[in-house]
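Which chain is which? They are A, B and C, in the order written, and residues in each are numbered from 1.
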Amino acid sequence: MRRTGLRYLPLLLLAIAWELLARLELISSSALPPLSHVVVAWVDLMRSGELVSNGYASIYRAMTGLGLSVLVGSLLGIFMAWWRPLNAFLSPLVEIFYPMPKSALIPVTVIWLGFGDGSKILLIFLGCMLPVTIGAFNGARSSEQALVWSARSMGASRLRMLWDVVLPSALPELLNGIRTALALSFILLVSSELIVARSGFGYLIGFLGADGAYEPMFAVVLTVAFLGFAADRAFQAFMNWMLRWRT
Amino acid sequence: MAHVTGVRDRTSRGWRNAPASPFVARIGWGLARSASIVLLLAGWEILARSGTFTPFVLPALTSVLERILADAMSGDLFLGASATLYRALTGFLIAAVGGISLGMAMTRSIGIRWFFDPIISVGFPMPKIAFLPVVILWLGLYDVSKISMVAFEAIFPVVTATIVGIKGVDREIIWSARNMGASNRELLCQIMLPAAFPQIMTGLQVALPISLIVAIVTEMLMGGNGLGGGMMSASRFADSPGVFAGIVEIAAIGYCLIKGMSMLRRRMLLWHQEALEPSTV
Amino acid sequence: MRIFKTALSALASLMLAAGAANSAEPVKIRVGWVAPVTNWGTILLEKKDLARHLGKSYVLESMRFAGTPPMVTALANHELEIANLAYSTLAIAIKNAGMDDIRVIADEFRDGVPGWYSQEYMVLADGQIKKIEDLKGKVVATNAAGSAVDIASRAMLRKHGLIANRDYTLIEAPFPTMRAMLAEKKVDLIPAVLPFALNPDLRKIARTLFVQRDAIGVTDMIVWTARKPFIDKNRAAMVDFMEDTLRIVHWYLDPKNHDEVKVIAGRVVKQPPERFNWLFTKNDTFRDHDMRPDLDALQKNVDITHELGFVKSQLDVKQHADLSVLEDAIKRLK
């Protein structure tokens, strides 16, 4: 208990710094309200149930988009490292759509998917896919040639090798890619919901911010950050468990 | 160098049906690589011309290309692209240098790790764009605030990748280096960094597109020219060719950046086993 | 296995029932909004009890848009039925986006009607800017180029011979940060819109250089629009919807309900109700009791938008207005 307390002490220090910054008017409190006010606003939002209902909508979108990107991205990355024509065909598409701000893609996605959940999931999927693909691709590519050769000389089939040699050696980079994607999914979620939405964290942040209601807005921002934090910690534990053979 | 290429030749022969002429093969791969994009563009033009959509919803590719050409001739394209690139790349460089140093410091010093570890975990998934008003008030509406936003967003993947890379260095290598009397400094510069380099490069590969995205998004939100600002004003005036021209320009620039980065990776990782495989992404 | 089969048949019958309900499905009307509380779309559903036809002949969804560009995109893609457009965006949507079938169907609010609020443009009280000419070479803040707020300030400065980005620098900033931008001398002129204009901290440091009425007269700031094919196809449902809307609007505008209105507004944006003392009073912009737009004012506003070069050609507002649904609804309430 005390150890975890000590571990997260830096966050407390940061929180105190925030409070002081706002209280001493080093930054106009209209732009950055004191943290204590934000906490009060958070309690109100929780009590009215709005944070929960909007959060539910958001998490559904984020998890669907992230799940798709992990599935497609890791398969794509590994097979792209494995079979060159696939790489040649698909990588330009990935490379073109990834460095695009998701809000700029709205005019395109709305043609196909409208303004509903579909377009938001697509944007999260696109944004999360590249880290996963790059991770899987680089990981698979760097699987040790010696291992591959020896497996081959022992008569392993290509598919067998993919499973026994390439996948395990791609795993550390792949998992790190997924970890990046996990964090990105929270950011993308907000930015896709900011533009057009009827529910979700991004919707709350958007309209509260537009009205200058910064206390509840920062309460939502911090909620997103802490959900991301919890997800990241859980994923790290999962990563360590998956990679326990390494050390 | 000769050794490395020798190995590469052997593997390519051993692994794939080596093409008759490397020149023909190169053209073949080039064609395959552009196939998906050509299909995409052809589909766009056909769809736009089919009359299913109004020109506002989906302008024809040709009208968009005309707009890009006009922008290029008048010099607007160059001005916008250079403003955006300047902001994105400056921010990216700050994030790269800062991220690698911070990541290294965090693996070396318990105190620094203690302080930054929870902050990184909380800060990475935070929608930092919400702090834009604070940044504007502190750093103004011009380049400094945009570059800071870029650096602030792009630093996270670099830090995490650096840490994962350094942590993943084989302990046997470290022990044997220690046994051979390597100092801490030597260990870091000659063993750890090179061994972690592929991972760090992966982090940079993720951070670079993020930099471009954040540069454009801040331009869209704060104005101040650049490709993002141009797209924003085009969309305000319902000027669809302008909006789609922006999308195409950003796609082209982003593609070049990602390509350049992976070429750099190949260059710098010639010694690494991954260079043996034909580099792609 | 049996349980599985029962569950499956139950599911199937449920879907059939849903399908049957679908056949008599009420018309879905999606209303867009940008600013909470000041746009009717945000608070209509807070008075559901007055909406007699809601769920019967129509269902209502209110949708937030980060600004007018995505709203015009949504209108073009049939993802939105009623858009509340500023006069400038109305012209842009019809002329630039080529949606000739857009019709003005009702009014939201008007600026500068004598006796009511008019948008203020403020400078530092003890600063160097004494008159508009002093803004030469200075920095002027706006929310977004081409917005209603932006057009009034450009028009006013142009009257005094100042052209944007030639004689002064125009920068964009979010409304909530305007006061701080002015206080920290990052900009020299800010537009102060409701409710930010009423902030006592702003009143302490700033004074009004001009109001929108001085710049362009009475302005029909925001109108409700829909596309003609939709109105024609769903006229009955639209009249029902407008009838409910008018009933709700009447309730909101009734001074008797002011205290309750403040509580609702406070709840919507998570602010204390006292912050909304101005809402729907004389301190607020003018709202027509029956939501009838002022088409003559609107025509003038659209002309200015054209003069400033934001739209390609002139627009005849009367040809793009269809008040028949509104009038039918008003008759029903008589």
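Side notes on the structure shown:
FYI, a residue touches a chain if its C-beta (ideal position, glycine included) is under 8 Å from a C-beta of that chain, and two chains touch if they have at least 3 such contacts.
The shown structure was predicted, so the numbers you read here are calculated from the model rather than taken from an experiment.
Of the two chain pairs examined here, A-B and A-C, the one linked by more C-beta pairs in contact is A-B.
When you average the Cα atoms of each chain and compare centres, the chain farthest from chain B turns out to be C. Chain B and chain C, compared by their mean Cα positions, are separated by 39 Å.
Spacing of chain A relative to chain B, judged by their CA centroids, is 17 angstrom. Distance between chain centres (mean CA atoms), chain A to chain C: 34 Å. For chain A, the set of residues touching two or more other chains reads 28, 31, 107, 111, 194, 209, 214.
Multi-chain contact residues of chain C (touching two or more other chains): 73, 77, 174, 176-177, 180, 184.
Under the contact definition stated at the top, the residues of chain B that touch 2 or more other chains are 57, 133, 136-137, 235, 240. The part of chain A that touches chain C in the complex is made up of residues 28, 30-31, 41, 44-45, 48, 106-107, 110-111, 114-115, 194-198, 203, 206-216.
Across the interface of their complex, chain B is touched by residues 67-69, 72-73, 76-77, 92-93, 96-99, 144-146, 171-174, 176-177, 180-181, 184, 186, 310-311 of chain C. The residues of chain A lying in touch with chain B in their complex are 6-11, 14, 27-28, 31-32, 80-81, 84-85, 87-105, 107-108, 111, 130-131, 133-135, 137-138, 141-142, 144-145, 172-173, 176-177, 179-180, 182-187, 190-191, 194, 201-202, 205, 209, 214, 217-218, 221-222, 224-229, 231-233, 246-247.
Of all residues in chain C, only 34-37, 61-66, 70, 73-74, 77, 79-80, 174-177, 179-180, 183-184, 195-196, 199, 201, 267, 269-271 touch chain A in the complex they form.
Chain B meets chain C in the complex at residues 54-57, 132-133, 136-137, 140-141, 222-224, 232-233, 235-240.
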